[in-house]
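Shared between the two complexes below is subunit A, which has subunit B as its partner in the first and subunit C in the second.
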Partner chain A sequence: MNQTTTAATSPITGLKRLLNGPWTPAAIMVLAFVAASMAFFAINGREPVGLFFEMVRGGFGDGYSFSETLVKTSPILLTALAIALPARLGLISVGAEGQLYLGALFGTGTVLLAFDQPGWLLMPLMLAGAMVGGAVWGIVPALLKTRLGVNETISTLLLNYVGILMVSFVVHGPWKNPNSLGWPSTVEFPEGAILPTFFDTRVHMGLVFGIVAAMILHVLVTRSRWGLGLQVSRSNPRVGATAGISYEKNVLLVMAIGGLLAGLAGIAEASVIQNRLQDGLATGYGLTGFLVAWLSGQHFLRIIPLSILMGGLMASADSLQLYAQLPKASADILQAVLFIIVLAVGGLWRRRTMA
Partner chain B sequence: MKKPLSILLASTLLATSISAMAETKVGFVYVGPKSDYGYNYAQDQGRLYLEEHLEDVETLYFENIPENADVQRVMERMIRSGVEIVFPTSYGYLDHALKVAEKYPDVHFAHSGGLKTSDNLMTYFAEIDQAMYLAGIAAGMTTETNKLGFIAAHPIPQVLRNINAFTRGARSVNPEVTTSVIWTSGWSDPSKESEAAEALIDNGADVLTGHVDSPINYVQVAEERGVYSVGYHADASKFAPEGWLVGAVWNWGPMMVDIVESVEDGTWESQHLRGDLLTGAAQLSDFGSAVSDDTIAEVEERRQMIMDEEYQVWAGPITGQDGKVIVAEGDTMTLQETEKMDFLVEGVEGRLP
Partner chain C sequence: MHIELYNVSKRFGDITANDGVSLDIREGEVVALLGENGAGKSTLMKMLFGLYPPDDGAILVDGKETSIHSPQKAMSLGIGMVFQQFSLIPALSVLDNLLLAYPRAPFWTFRHLFETSAARSGQILDYLHELAPGLAPHTLVRDLSVGQRQLLELIKVLNLNARVLILDEPTSVLPPQEAERLWGMIRKLAEGGRSVVLITHKMEDVMACADRVVVMRNGKLINTLERDDCTEVSLVQMMMGERVDRAPVTTPPHDSVTRQPAKVLIRDLAASQGLQSIRGINLELRPGEILGIAGVSGNGQHLLADALVGLARLSAGDVIIDGVTLQSASRSPASSGQVSYIPEQPAVNAVAADLSLTVNVALSHFRNLSFFPHWAPEKATTESILENYEVRPPNPDLKAGQLSGGNLQKLVVGRELKDEKDLIVAAYPTMGLDAGAAHDIYQALFRKAAEGAAILWISEDLDDLMEYAHRIAVIRGGEIAGIFDPREADRYDIGRAMTSQQSDETPPTPDTNVETRTGVSG
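On to the complex of A and B.
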């Protein structure tokens, strides 16, 4: 596509090269997002430039703000991985939210069962419980797809609601803390079931799980035979089958692994952030994770910085209320704007370079 | 680049000059919108009263903050922007506020309701069930079907107190009355509240009331269906010009002024501060045109009795749903006991969820 490489000496061709480089669409996206957010602030009658800087400061301006951004990053990162891995096999799962809730549900169930066990035993049990819970909520739609041909997008979407309602049921009913004076939540987790945090902030092990998982998945999918097999199966399951690659098995595997990662996100929220299981545990992380997964182009390493960026956007929404009295929904609007810009710029850029 | 920089500079200058003028910054956190004509509206009216009556006070607020750990970040942001007194105003904020209070021992917290305190966290509330009891009298004297409907959020003591007080008030003038309760499991869920209101009316109720953040939904449904309504939190009579009976409403302003002044002059103490009809923190709204003069006279007489402490809402005998006596004649529930209430009284239909 780029035939000017040999004439790099001329400044004009140099500029052309730069414009055709891989960073150009990213730069356009950033500029478009900055402009769109400022326009959004201006439409709402706020001073756009100063407010934009306040927002950036609210997400990344000091140690505390950045730590709160990373708190939001963990569940986004893990749920994005839970979406991106099945997507490598061509599956469009939207089930990370439900898997997150199931992870919190099973993990909390384990904690309640093993309440008096010491931390060295309770913590691994809790995490294992959460992974099983999340994986189950991945395997169910996977089986529905491979056995009955049910579309995975629809089944994962519906299972989200089931998962959220199951948590709601237990915290309003059987698992309600008898001493909470009627308030719907479980008892507080014991000390041994609280994931470790770093440097006196709320940033917790969940972030480490997410980053390590992203790196492992990246290596597996790009370097291993199994990863190559996913690619083959994705483009043509029948060709894959003749090479001994079972599409059905891979569907189960990617959905289960994705689910267990989202499950980890769920138990991390319950354990270290809320200290208990309750309603409204993580409203919307699964959806944000879905956006991040598709923004990244299912690229596991790109998911990490994108999750931090999205976490920053969610955490910095505070500044919009604090300094400009813009409602909390503004952050959701900006998130949608970002998503549309990335899709639109990406699409236009591909058309331009193909032309 | 020059212009944005100068705007930024100007805004920082302005911000510092404002904070130099104001001595105390007070921050409020609301679980819903301050325009809900209900709980959050009432708290925000208190905030405005505070700004109006104390010149050296600057306030700021956050709306729509859910009752999960997000509120910790919101409170920390406020404190980091200079807030010295925090009013976390929703029931589910308490444990989170206690956590933040521990981290910032120099900041004072005044939480709405609840029975936990710490060195720098107090609670404030008002015995609005006194007003609900009086509203129950108006409902009991007005109803023709002898069926009242109550839309309730969570089965926490404050809500149970209102259901029970309302029912006891109604039955004190009309022993035939029963109150049906529908739970919505959330402070603000307009569609569920409207559906619950419809269901209660379908079931024969001709006076509706409730304890959710905004009375607007059930008051409007009641008005459309041509039945009566009793408001809660704030005066919503303009949404039901025909069917509005009366409402139990908050008046937080003076109490908030006291709290902020006590911090400023160093007399603040960690306590459970409670107002009532007498202090004016809980009030009965104006009566609607649907209320008869006899009813008004009865309610006013009973109000006076409560204000003169001749009558107490939680004096025995109090009978539970199953007919068993919970508080014997001659006994009265203490504040601690009422704030741990976990039962429904005789005359209430529907179970605790």
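On to the complex of A and C.
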């Protein structure tokens, strides 16, 4: 990232060398994003440069804003992993949002069932429930694909709505807290079902899960025989089958693991952030995770900083509201702008280097 | 039309495909462009056909320097090319396929009106009537034999008023009768004033129909000779350069093989996939036996191979090796470590193109890799394969997709033969390879037979089958149409078994001499 400034100040010869360096596309992306977001502010009649720095400060300015950034980071990170792992097998899943909701649903269900159990039992049960829920929402499209040849992108997209509406159904219906005065939500989680947080902030265990999972997946996918099998199946399933690699089994496995991780993100949101299951649990995290997964090029370690960056962008939406009276949706717009810039610059760069 | 290539060079990255080649093609003559795989024959002709621009040198058409920047330009000059891969649409009729390639077919008018008028006026069908008088224009292309399809490709090019025809390895897919017919046709076209360039690595092609032979090696033109001035031996020497001393290919003697009890049993095998199906396949292979499967491409060979190695579901029957059931209709197909598979078109069917050569070699023993594989020994194995099989370039870190077809073929063969196996299924293992490389591959393959493996060898090259196989089973329409002993059988009998119309899969098309001689089933 700091390549931006170096590139701008280097003498001509150094510049030429840098232009062909590996960081050049990243630098161009950052510059383009800075320019585009400033242009966006200017179009809205705000002072562009000052507001841009205000936005950066809103995400990373002080301890509190950074902690809020990390709070947003964990679901983005987990859902990004849920997208990136299937992508390593060539599957384009967009189902992290639904898996997140299912994780919250199953996790909450477990909490409600084991409500009076002590924390040492309730917490693992809740997490296990959430993982099962998310995994189920990954396995369903996986089975549809391997058994019936249903396109996984379409099935995961549609299952997102089903998952969100199922949560809506239980919080309006069977699981509704009778004392919540019409507010559709479950009862508050007991103490033992609240994930631990760090340093008096809202930053919770979900972040640790995400980072650890990213590292494990990175090692497995890049170094292990299993990861090699994914690469081979993605490249040529027929050759994989000849070598004894079952594409079908791997489809089930990556979708289940992905769903499990997204499910953890869901229960963490319900447990720590909301203390209950309610409507609009985590709108948009799944799709942001999708963006991050594809921005990273399905690289698990790159997903971590990108999730923090994206988390910062989301967290700073509040400061945009506060300082510039820009609508909260501005953060979504800037997110989309970033995504398009990265894809376009990446595409142009590839074409340039191939020519 | 007289074409001269003057000092033409072409490089791809570090590789020089053509190095200052000068060649002329005169009206009414057949030029055979002879060379090993990768000698630069196809590249040279693709430049003439406008697919690549030359880096250096000039192309002169009737004495005038001409830039041929696209195939369209080449065709407008009267240069046409028939590729190894056909570009016909199987679901459409002969006439439709001709119309699609017909330059004066207007796309906006009522197609059927045009079709009938064009067919009535005959212009589009002239060559069809002339070259294949019996072939009905409304026959679907998928019902045609390979030879007929090739003929159709040729007619497509002739319809473009081509005066110079380039044929890329035209006989590599043909059974002997059809190859002979093609040679006749090439002579006829030349007598009619056209020029024909025949890209080939087969001596028979040269001897049967060339006027002049141009030998290429390593991108350079080695020699140009009149046909009458050359002998097969001298041509082979020129083609291969230094490497002429090769140990002969040896196969296990017939008698020792036939005394053994059967090792591999294929019983009542049936399967279907898409439009292909096989049924009632009963074969036995003894240890060390080389069982050749002859047949015209598309008669179920591909499915048979897939069924044996566990890539296709069986609808009936089973495959048994040493008394243990390997594949069976009652269970899911699964690949096995006991079986090697050299599939056709290795670039598509045998490698992961975007992974390294090392990884692709390791795939053959994927099951035995440790959970975190050690790559150093795998790399060493790959390097030794690259060296033994002369794969170019010999860099184990390259991606498989960066190798040419022939080199990939050698890599896959090397990979599949490196371990001890019970059964080796090899489909066209030498396809597209020059004589030298083919020789090496046969040597390696049949050495495995001597070590006790059973080899099921699918091929279209009847000469090779006759020379090396212990028995030859002919497959036609998904069934075994006969099993021959190559020591006694006549190649024309086998050819007839390959093309006879007993089966409903090859409907009557009484236009070729092959078909007029048929009626006898193997």
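Throughout what follows, the second predicted complex is superposed on the first by the 340 of 355 C-alpha atoms of A that agree within 3 Å, B and C clash if a C-alpha of one lies under 4 Å from a C-alpha of the other, contacts with A are read in each partner's own complex, and residues count from 1 in each chain.
The definition used in the following text is that a contact is a pair of C-beta atoms (placed from the backbone, for glycine too) under 8 Å apart; a residue touches a chain by one contact, two chains touch by 3 or more.
Treat the numbers as computed from the prediction; the structure is a model and nothing was measured.
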For this session: After aligning the two structures on subunit A, examine subunit B and subunit C and state clash or fit.
Result: fit
Problem set entry | subunit B versus subunit C as contact partner of A:Asn151, first or second or both or neither | neither
Exercise. With subunit A's C-alpha centre as vertex, what's the angle to subunit B and subunit C, nearest 10 degrees?
Worked result: 140
For this session: Counting touched residues of subunit A, say whether subunit B or subunit C comes out ahead.
Result: B
Exercise. Who does A:Ser168 touch here: subunit B (first), subunit C (second), both, or neither?
Worked result: first
For this session: Name the contact category of A:Arg225: first (subunit B only), second (subunit C only), both, or neither.
Result: second
Exercise. In the superposed arrangement, does A:Ser235 touch subunit B (first), subunit C (second), both or neither?
Worked result: second
For this session: Note down the smallest distance between any C-alpha of subunit B and any C-alpha of subunit C in the overlay, whole angstrom.
Result: 43
Exercise. Which residues of subunit A are in contact with subunit B in one complex and with subunit C in the other?
Worked result: none
Exercise. Which bits of subunit A are touching subunit B when the two form their complex?
Worked result: 47, 49-50, 53, 58, 64, 68, 71, 168, 172-173, 181-184, 202, 273-275, 278-281, 283, 315, 318-319, 321-322, 327-329
Exercise. Which positions of subunit C touch subunit A when the two form their complex?
Worked result: 309-311, 334-335, 337, 341, 343, 348-355, 359, 362-364, 366-367, 369-373
For this session: Enumerate the contact residues on subunit B facing subunit A in the complex.
Result: 3-4, 7-8, 11, 33, 60, 62-69, 72-74, 76-78, 80-81, 91-92, 95, 115, 154-157, 159-160, 185, 340, 342, 352-353
Seminar exercise, completed: Listed in rising order, subunit A residues that touch subunit C in their complex are 223-226, 228-229, 231-232, 235-236, 238-245
